[in-house]
Every structure is written in structure tokens, then in C-alpha cells.
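We call the chains A, B, C, D and E, going by the order they appear; numbering starts again at 1 in every chain.
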């Protein structure tokens, strides 16, 4: 089985820690009136404390669904239909609802993309954070609120006492995302899942928030799973990177390896499509143009899902789906055209 | 129906919390009477609705009292005399007192009638007193009425409540705070809801045997009947829905009084309308009115088929005077004689290429009249008369339509016909104030004038019967029915029940005649 | 805030003037005339003419309108033609009853609507949801007066549990009486108001329950609900503290509108249940062409409607920190 | 790609201001203004791409909308082809509308969901009554091909297309009248990277082939760097620096430009920025800081910056800059 | 794509089925009616359902089934005229007020407020009292009351739509207001209008019956549902059939329109239309 090979191999970053979060063989399906289809297939992931793993891909590739499944927060129409999500060796999918609720916020927390909608508009920031504290700690109202202010101070919220009494709409976008991070970290979870946390922010604020997240991660030793579509963000923050396309992993490597030596034609294309002066590429030259669009998940091609858009595709690509396998030590890819460097 | 109701009743369990059994308003010495409208005013001179009349009858006393047999008997007046046909002299009882304790004298009577006769006062009953020239106090106990012409019906109209001159002139609002010398006095009045009266020990006959009378306003006839059945009311009376009457009459918890009333339901033919100018036309159309069905099925037998303009309750009544009766073939034959024939076989009679079209009109407030109209329309239609219905609310119907003579045939009613004069004089004399159909007949004019100027009842009977006979074939009106009066009461009432056709309540508080 | 309230109240003035003018115009062209109604069938044409002149009905319309406004400016709504009382006194007497009925049925409708709406949103797609929503559909599809009559027939006549018609002591007085040891007064008042309030509430309850459901379903899909779950909160807490509170916001504004509808619906309900309120008064005023009274009623409705909407807006601002009134 | 020639500018914007009123009080008086665009000047030459870059709320989109007459400017002048746009009436305005077009950011809301693609692209031709019906349809087919759509899709509705294809439809509509200038308001920021690349390539091809000038509004420095000839950096309603692209990116002069470029993530994990978790926030246009509005975030800020506002002035190296220190 | 979705919507299907049935009954009333609509039989009043009289007879012994299906014609005609006219007036007012804003909006909305504020019953009674009963006049009375709701909804929708980029695009092109209002905005506002209109049909039917109940409806012998029910309520105690059947007829019809409206609301929901692929 392909996923076992990926999981069994330790991350290439060389961290000695045991992974705290292990996902294997994950399948997520969406039910519709006419049946169901998979939005995530054969997903695997393993994150150690203090490590940052980025899941990168374009709209509809399944990265957000994967992130939500890590907290069992999938929308009603979606459900996990296979695989395991283990936190500290405990399979999350086997737990009863109450225990899962105890895990959320306490062991594994999440930051969302749009802090304005992710915060309740009619409750103050302080109330919302304190609520999380009181859910997991036996603290009084007052003490919980103080704890919330502390958390806001931790995320460098200016004037945290005052901000705690304000409503989300009274804060700027950057401050809201700080509040969101404070909310996620207030119970010191071991794992933090961040779903495009900076996409809605301006670039200067994005820089601040990325700085803050990696800062806190180092201080608290949190394992971080970051979902993003922006390879720039990946380059700034990731230890390991998983690239997804149409619900599946197509490449996984350490950040350095991925940017030095992208293997999958899709990864190559993505890098080439970024209009930004970066290593090797010259601005002003034509952008790499991945023709066509992502196929709908309920109607995937038979072989490799990327084959119809792939400049290197051969007939086999259209017939058979390539295995996700280790092509070089610690560097995995799913492509017939990429050969094993070590064998 | 029963099964449906029991299913729905499950829903009602939630509401059962409120239920504390039946809520009978009845207590010792009190009487709760259902009524259809709230009184507009409690000033007897301005009363115009049945509730106002009924309350005024209790709160006030008039010179005379009208018995259930429509005879004037002394009330505040001890006696009277008519030295000539144009003079009435009334002698008041000694020691009369208003409910506020002040004495009632001839001045109060004079004040009552002189204000009533003032055109600016706009009393709705002023027209009844048109021949009255002057009302004067001869002494503190004696009042004299002087007439411009002999006026026989006057006595029956003199039951108007006498008000306190002192109270009125001191600025007290009589209409809301009445001061009278009747058997009861006002205790409280919740507008739109109820009027409560309590016994007046100062009434010249002494306090009535009932301590408290409450009139509860319930506009909807059926709702009122239902409240009565639920025990919320002790007495209900006309107007009632015929279908409720049938049911209530069959329920032995309730007492029932049924008598001929003082009203008629009639068709007003517009004699000025070219189509209806010919009495023969009016006769033909009258023959299309199925009185029997209307009275039995729509009015459920409460009213009686009428035969003439003289009510069966009147002393002038004669069964020999007959209007045309229902006869479709006869009607069609008559119409054919008038030139209306169905030449194009469309089922509608026509003449000179024009179909025979007629508009039947009534007002929307009375569902029974609406039904009667709808029924007549169907019969007209079958007989080949294209009948249109016109129904609008009373103010537009009366002011803008009938009173201006814009109607062809209007279904209407008259009430309070205590004297034959009241149904004929203003209605049929040439140019009479309520002669909306513009009927004019010199012979009728003479007869009606004669009828009001003589005090001799035998003479009057003859005159009115003569007039009624002419009118029964001239047909400015076709009287469909004589209204009946109906009252239901809980059998456990503390007093003996005596009803009057006007629905007055003295007979329920122990003041029987 | 104060400035906002003052501005809203000032806006009421042109609205009231507009409504008075519209009503006046309507009454001007409606056929039928209070003088003849007042004098009855037997009146002579001369008597009617005299009365018309006395009532000022013969004056040109602009003088009548001007007189009305001039009096209104001094707080005088005029004198009822039929009830020989100041219009303000008559309305004041009826207003309390109508407001009592409207408030009780609004409370009833809101409670029913909230409970049903939340239940069906939580169990979306279940039998409970379907049944509740079908009930709601039936609720909005029923003519109010028909429902009222059926209720009366069932509970008052056939079962005899509740009085068919009329009003007990005013609820507040009855409450005071109950507190001073006479609970039967309160029970009687409640038993009187139960049927009309329920008949009147059904429609609104149905509308509110559908709105609550829609709004709940929408809120339950919001990101912040997911955040609340991500914090580890239990479902009931998320539903009550996070979802319901936000779902109430649109409901609030509809409640304001429903209050207007309830006042309108009261016309029929009050007629059926003989509830001595403004609705009944409206019908009788119209049927008598009691012009000053009709004007007064219209004005009263306008003011109540505007005030209720103002209160709703203020409440809205109080509940939703995002709303700033200015 | 050719850089623009030195000929006279096609469009000159001089001191453009767009202010929005803030109202308060009982009478809703204007008590202040949001100075969304506060004195912006630049020029645009034939066939060149000038980018307006800056963060949200800096007024770049407002500037674009004002240029198109979709917002009423509060002050300043716009000259097009030597004529002042505010004087445009009738035919002159019509011709301006013909020659300046717009592409919007959101590919969903910029296309009427009830119209077929054919109607959307033909609308400019219909409105300006260009050619016969057949000619217009032919032109639609031609345009569709030009932007990379199959003409046989002309009868489809917008929702049947992907985001990138919709953006192509928007471009085709903008091209229909052969405009001289297209205002591109964040045309690729809603798109995935791979699709974004397609659209950017298309835009650059179009400019090469048709010589159309772009006023390119974007927050994405990478995109700006790829497409522009010149770049104007905006901060809180004002241009703080305007220069050739290479000058801006290789040698940013204004401290804000520096911050902006320094904040963009690199694509090299071996050479990461050490982003600081600092918490300086962007002030809003409602309450702009005094003096140089950037002084609250500027490492170079002195008292002079707090007190006086630096004006945009032309420097020796050909760039215009508004800074007391550079 | 839309059709199967529409068919999966139970409300829509049931609502459409009821509505269609009623409409067909109304259209084919002459063929389906078993008795003459005005054919009275006073000896056979309040008869229960039987083979001869499917739904029994009314207070004049007329066949209830025949009267109700003929009545469907009247009620539907009035409701449709009222709703169509209200929609047209309300839509134009709402579009103009919402699009032009400023004092135009202020004036139009104040007028709307006035009509909203005058109790509906006063307005309706006034119209019928002035003009007398008749199909057009009853419809007019309903229009005067109903148009405000459409105006408010269309205005609110227009306020949102006028900020849409495609409207901006048309403005930037120099399109005339009439083109923008009727070609760009109106088609997108149709969804809520259609929904509101189908709910409005139900409201109009109830309102017409209420007018008849108060005695301001069409004159007899027009077989309106309002009259049938109004008569029914008079006899509700002893002959409950008449009022239950006629009340139920009104209720089911209104239910049909309401279900249809709700179904349409779901199907026409713009959020569902514009929802593209799922988010990643």
C-alpha cells in the first residue's frame, strides 16, 4: 500500500521527536443526492512537536477538508470513510463525541482563514477566549477572563485589557487574527491546525502574523499543520510540504528539497506560474501556464488526475494512477515520469 | 364533525390550563343580557341604537310607558286629558325624584321636549314630533302639548325619557352620565364592552327586584348565541341568527319567547324609475317574490309572511288586505302583457331589443337580507328577469343610493312601528320625507292625513285599511315579512319573564305590566 | 443615540401628516355621510342638512383639513360624531385592550415560533422538521377569522373550557389582583384572552418559526459556529449561546413588522371574539363614517407602528454590537 | 515587451479627491469626511501599464472607480486626450466611456448571472450602437476567440464557466469597443495561481497586440512586478512613491515601499525572512494620522513627519517620492 | 441541472401540484361542474356529500363542488390581477427608489410608509366603498394594500444589486438607467419577486375572503369563496360542513401557493445558483 510507505518513513527534516499527529489512509467522501464521491483519498500525514508541515494546493484539492477532519469538524455532508487520525497514538475517529470535544482546543486547535466570520460577532473577544478556557479548565469567570487577557498579551495584542472587551468588528483584520490565534492557543494545545491563516490579510500584516505563528510555535513546541495555497508562505514557514491535487498527495518533501528539486510536473508548474522574482526565474519572462482547469472531483479521469493538463503526460498516465512513492530519500511523488533516483 | 373536533381537541390540552370550569356570570339578583351593539349615547333624546333605547328605558322614565300590547299607560304622568285634538295635558305624579335625589318637575319635561324639538339638537326622533307646536309647563305638576294639527300617534311616542334639566344645564354630560327617574341607574360603562346598571330605589314604583343588570356587547349574532349557551349570558334577544334560534329553541335549559315584532322587511320600488312606473310592472315583479321560502328557510320561521302594510301586532290589522302572492306563471303572463317577451330565446324577457334588467339592492350589514336578495335574484333570473345584485355598506347604501332615489328595487326594513302612521305617512304621502321611491297618489295622501288627525281608533282603522288596500295593489312597497321578536333566557332566572316586542327589559327586572 | 431617537421621532411627523391627508382624502370620496347615519332612516332631508352644517361637513375640504391639523397641533384629535366623546378618550379606552391582545399574542407567537423553529432547524430533514414546517405552512394558510371561529366552536361551545367572547379585567390589574390574593381574577382574564390571542398568534408563530429555522440553519453554517466547536464546546451550548443568539437578530426585526400585522389582524379577531379594542372600533367607525374617529385611529396606528419599529431598532442595536445608530 | 514611448500622456490625473461624508446628529448634518482618495496625481501613457499598488483601504480601487465616473470625485481633475473629463457632456462623455473600460476583481459578480455570454460581451456594442446586429455577433465571436474562449460557448450563462474563464469573458467585454485604456481592478486576485498565470499572460499578450494601456490596480507585488512598466505605491489615499518598475523593486525609496516589498514572502526556504511578530497596525482613512500618514509605522519617523505632510516631488533619478527623509 | 433539483424539492412539487390542480379546475369549471352554479334547491339545503352532490350543498341548496370550482375562477382571477398589478407597481417603485436613491428614494419610501401605515382594512374598505364591489375594484383594494411589500423588497434587492460589478460595468459603459434597471437589475431581482408573488397570491385569496366576510366582497350570486365561507361561518354551529369545506378549500389553495413560493425560494436562491465548486 502506498500510504504505508509514506508514513513509515520519518520526515526528512531529521527531527528525532515521535510524531504527535499521524494520519494514514484518510478518505473523506461527500454525500449528494446522487451518491457520494471522495474529496480526499489516501491522505497521510505525520507531524512532530515543534514541526511545521504545510499542505499546499489550489482550490478544491482537499486540503481544507483534511484540516477539518483533524478536529472531526467536517460539514454534515462530508464524512471520513477510511483511515486513521491518531493523536498521541489515540485514534480520533474511534472516540466518542464527548471525548472528541474534550480534545478540541485542549489537544488540537485550529485557526481559520477569515477571522471576521470565524469569531462570533455578538460576543466580545475576551468572552470568546474565556469560554474556551472554562470549557477545559476549572476556572471562574473572572479567572478565565484574566487568562484570556494573558493569551491576548501572548499574541502581542496591543492594549489587551481593552481589546478583550471589544467585539470582533471593532478590531482590524490583523488584530482579529491575533485574537483567533490567542483563542486557539489559550489552552496550550499540542497541535495547531492553521487553515490559510494569512490569506485574508494584507501583505505587511501577513508578515507579522507569520512571524507571530512561528515565534509562538518555537516557544510552545506546538506541532503545526498549515494549509495554504501560497508557495511563498510555504517557503517562509514549512519544514515539510505536502502538495495536493484533486484530493490526493502528489508530492511530499522537506521544504528545501521541494523548492530545490520539484519533481511532479504540477509542482513545477505551480512554481513557474508565480509571477515573482525568485531563485532562478527572471521576471518579465512568460509565466508557466498550466492549461485547463482542475477536473471536478465527482468526475475524475481514470489515470493520473493531472494527466489532462500535464505537458509530460504519456498514454500510461491516462490509464493508470501512479503510486505515491519515495523517489528520493524523504522525497515522495506520484508520477510515472519521475523515476526513482535510488533505484 | 365530532371526530374532527376530538382530534383537534388534543391541541387544546395546552390551553386547558386556563380552564376553570364554566364561567357563569350569574349571581343572585343580577342579570346579564347580551346585546349586539354598544350604546352610542345614554341621552334618551339622541338614542338611535337598540342598546341605547333599552338602557334608556331602564335608566329613564317617560310620561307614558308602552306596554307589550303597545298601549300607552301612565308612567311619570299620572293621567292626561285631550281637551281638543290639538292639545294634550299631562298631570305628573307627586314627589317624583331623579336618581340623584333631585325632584322631577314639569320644567324637566318641558326642557326635555323643547331641546328635542330644536332642529340644531339633531335628535333622530324629532321627525316624530313634527306636529308639536309647543310644550309648556302649566304648573310644577302639569305639562301642556300644543299641536299644529291633530296627531293621533303622539301618545305612543311620549315614552321618551325625561332628563334632569338641572343636571344638563350644569354642564353634566347626559350622554355618558345619565340622570333619570327610571327603575335603574348607571353603575359603570366600559365602552365597547359592557354597561352595568343598578337598582334605583327612588323610582316611583320602588326598586325593581333585580339589583344589577349588565348589558354585554357581542356584535356577532352567533357568537352571542354561543356565549348564551356557554352560560355567560342570561338573556339574548333579536337580532339572532335563525339557525341559532332553531337550535336554542330545542334546548330545554332555555326559556323562549316568540312574538310578532314591530318591524317589517320590504321591497322599496322606485316608482320614478321608468321601468317601474307602471303598477302592473311592480305587481309582476312582486309575484316573483317567494315570501314563503324567504321567511321559512332564510328567516327560519322567526318572521311571518306579510300580506299588507298593517302589522298583525297592530289594532288596525286586517287579514283581508292582500298583496300579490308568489306566482311565477302569473308574473310572466303579466310581463308578457306588458310587452316583455323572450324573442331571442336566451331565457331573458326583452322588449324593443332590450333585455329586462333590474337591480336588486340591499346593504351588507344584515346577512339575512343579503341571502334573501340572493335568493330573489335566482328566482327573478329563472322567470326571465335579468337581476343584478348591488350590495354596499349602510352609509353608502342609504345616503348615496336609496335616499336619493337611485335604486330600482331595494330590500329594506322599518322598525318600531308602534302606530300604522309610522310606516305610511312619511313614506307614501307625496313628497314625504322618506318617500324615496317618489310614490304619489292623491287618494292615499288624503287617507293618511285623515288617519293621523282623528283620535277615533275605529275611524283610524277604517282609514288605514283603505289606504293599505290601495297600496297593496299600487305596490310602492312590497312587504315581504313581518318581523318576529325572539328572546331566550336561562330558565333559572330569579324573576318572571315578560317580553316586549321592542326588546325592552323592564319585564325582566320584576316590573311587569 | 438620543439624536437618533429624536430624528426618528421627527420623521414621524411627515408620516403622520401624510397618513392623515391620505385618510382624509379617502374619507372625502367614500360615499355615505355620518349625518344621515346619525339621524337614521326616518330623518327628513332638512334635518340631515342641518346636521351636516352643524358638523361642519359642508365646509370646503381644505378648511376642514386645516381645522383638523390646527386642532391636532394643540393635541386635540376632535370629537367623535357618534360617541359624543373626545376621540382621544375613546381611543385611549380601546388602545389598552388592543395592545394587551397584540402583546400577549406576540409573546405567544414568539415563544411558539422560537421553540418550533429551533427544534426543526436542529433536526433538519427529520420527521419533526417536516411536521413542524407543515404545521407552520398550515398556520400561514389559514384565514384568521375562520381559525378564530373554529377555535371558539371547539373550546368555548363544544368543550366549554374557555369563554367565547369578551375580556376580563385588564391583565395588569388582574396580575395585581392575583398578587393580592385573588388568583381567580387573573385566571378569568387569561381565560378570556387565550382564544383570541392564540387565534391571532398562529399566523405570526408560523412565520416566526420559519424565519427562526432559516436563520438558524444559516447561522449553523457560519464559520464562528465551527470555531465554537473547535474550542471544544458542547452542542447545546453552541446552539444556545452562539447560534440562537445570532439567529434572533433577523427575528427581532420581523417581530416589529408582525406587531403591525397583529394590529391589523386584530380587526377581524376582535370582531369575532368581541374584544373591546381598536379593531372593533375601526370597523364601527368606518361603518358609521365617524370621520374624526377614523382619523384618530389611523393616527394612533401610525404612531404605534412607528414607535414599535423604533423600539425594535433600538433593541436590535442593543443586541447586535455591530449596529450603530446614528 | 516594449516599454511605453515618451509621447504625451493619454490620461492625466491631477489632485483627484474622493471623500465620503460622515453624518451625525438630529438633522444628519455632515460632520466630517472619510478621505478615501486624497489628492492623487499621475499620468498614463498610451500602451503602458501603470500599477496602483497598496494595501486594503489605501484608495486604489476608489481611484479606479472615480476615473470611470462610477464615483463622483470630490475634487481634482482628470484629463483624457487633452480634454477635461468633468466637462464631458453628451457625445464627449459617450466617447470617453467608449475608450476607457474596466475589468473587475470578482469574476462572479462582474457578469450578470441572467445573461448569456453573448449578451454580456455584446452589451458595449449594443449600448454604443456599433455596427449591425450581425456585425456585433461576429465581433463577439472574434473577441471570444481572442481571449481564449470557444465561440460556441456564447449561449452559455456565466455560472457555467470557471473563474478563469469568467475573467476572460470580462476581458472580452472590456475589449469590445477597442478601448485605449482598461482599468484592471485586481483582475487576478480571486484566482488560483495556475489560472492567474493564464490571465496575466493573456493581458500581457493583449497589450502587446492591441497597444491598450492598463491602469492595473493590485495588492500583489509579484503580479505588479510581472506586468507593469511603472508603479505607483499608495498609502491612505495618497501616492507615496511613483517610479519605473525596476527602480521600485530594485531600489525602493519610500519606507513604506520598502516595508511592502520586504513583507512579501520569498520563494526560497534557504533564505527566509525573519518576520517580526510586531503589531503595528494600518490606520484607517477615517482617522488619518497627522503629517505624513505613514509616520506611525515608519522606522525613520521624526517630529517633522508628525507635523508636516511631505509632498510628492520628482527626484533626480526620475522617481517621484513623498518623504521628508529620502 | 435545475430541473431535477426543482423536482427534488418537495415543497415545490406539492405546491405546484396543488396550484396546478386548482388552476385546472378553474379553467375547466364549465366542464367539471356537475350543477349550475346558481341553481338553487331550497328543499335540499345543507345536504351532506353524496353522489349527487360531491361536497354537499350550501345554504341555498346549490351544489358546493360546482360553486367552489367556479369560485376558484373568481378567487384566482382577483388574486392574479391583484398580484400582477401589485408586482408591477411595487417593482417599478422599488427599482426606481433603490437605484436612484437620494430624494427620489426618500419621497417614494415615505409614500410607501404612508400606505403601509394606514390600516389595510381602512384602505381596502375605502376602495370598495368608493368604487362599489366588482372584480376589478376588489382587486384594486388588494393592490392598494399589497404593492408596498413588493416595493420594499425590490428596493432592498436593488440596493444590493446596484453595487454588483456587472451593474457598475454597465454604468461605466454609459448605459441608460432604463437599460440598467430593466436589463441588468430586474432579471436578477425576479427571484425574490416571483417568490413573493406566489406567497402574495395566497394572501390575496385570504384577503378577498376577509373582505367578503366583512360584507365588502363581490355581490352575489358570484360564487366567491369568500361568500361561501362567510355564509358558512353563519351556519357553523349547526351545519359545520359548509364552513369547513369552504375554509379548507381556501386553506389548501393558499397552502399550495405558499408551498410553491417556499419551494421557489429554495430553487431560486441566488446563493445556490452562484455556488460554484466546493471550497478547498
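Everything that follows uses one rule, which is that a contact is a pair of C-beta atoms (placed from the backbone, for glycine too) under 8 Å apart; a residue touches a chain by one contact, two chains touch by 3 or more.
This one's a predicted model, so the numbers in the text were calculated from it and none came from an experiment.
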For chain E, the least number of touch steps when starting out from chain C: 1
Task: Treat each pair of touching chains as one step and give the shortest count from chain A to chain B.
output: 2
- prompt: Listed by label, which chains are in contact with chain A and with chain E?
  reply: C, D
Message: With centres defined by CA atoms only, which chain is the most remote from chain A?
response: B
Message: Between chain B and chain D, what distance separates the C-alpha centroids? Give it in angstrom.
response: 85
Query: Once you find the CA centre of chain D and the CA centre of chain E, what distance in Å lies between them?
result: 48
Whole-Å gap between the CA centroids of chain C and chain D: 53
- line: For the pair chain A and chain D, the C-alpha centroid-to-centroid distance in angstrom is 32
Query: Which residues belonging to chain C are in contact with no fewer than two other chains?
result: 30-32, 150, 153, 157, 286
Two or more partner chains touched - positions in chain A: 58-59, 229
- line: Residues of chain B that touch two or more other chains sit at 226, 365, 392-393, 396
Field: Touching residues (chain side chain E, partner chain C) in the complex
entry: 110-111, 113-123, 125-126, 129-130, 202, 206, 209-210, 213-214, 229, 233, 236-237, 240, 243, 247, 250-252, 254-255, 258-259, 262
Message: For a test of understanding, state which residues of chain E touch chain B in their complex under the given definition.
response: 38, 40, 42, 45, 59-60, 125, 129, 132-133, 214-216, 219-221, 230-231, 233-241, 244
Field: Partner chain A, residues of chain C touching it in the complex
entry: 221-224, 226-234, 241-242, 245-246, 249, 319-322
Message: Touching residues of chain D toward chain A in the complex: what are they?
response: 1, 55-56, 162, 164-165, 192-198, 200-201, 204, 219-223, 225-227, 249, 259-260, 262-270, 272-282, 284
- line: Touching chain D in the complex, chain A uses residues 58-59, 156-158, 172-175, 178, 202-208, 210-212, 214-216, 229-236, 238, 255-256, 258-259, 269-279, 283-284, 286-291, 293-294
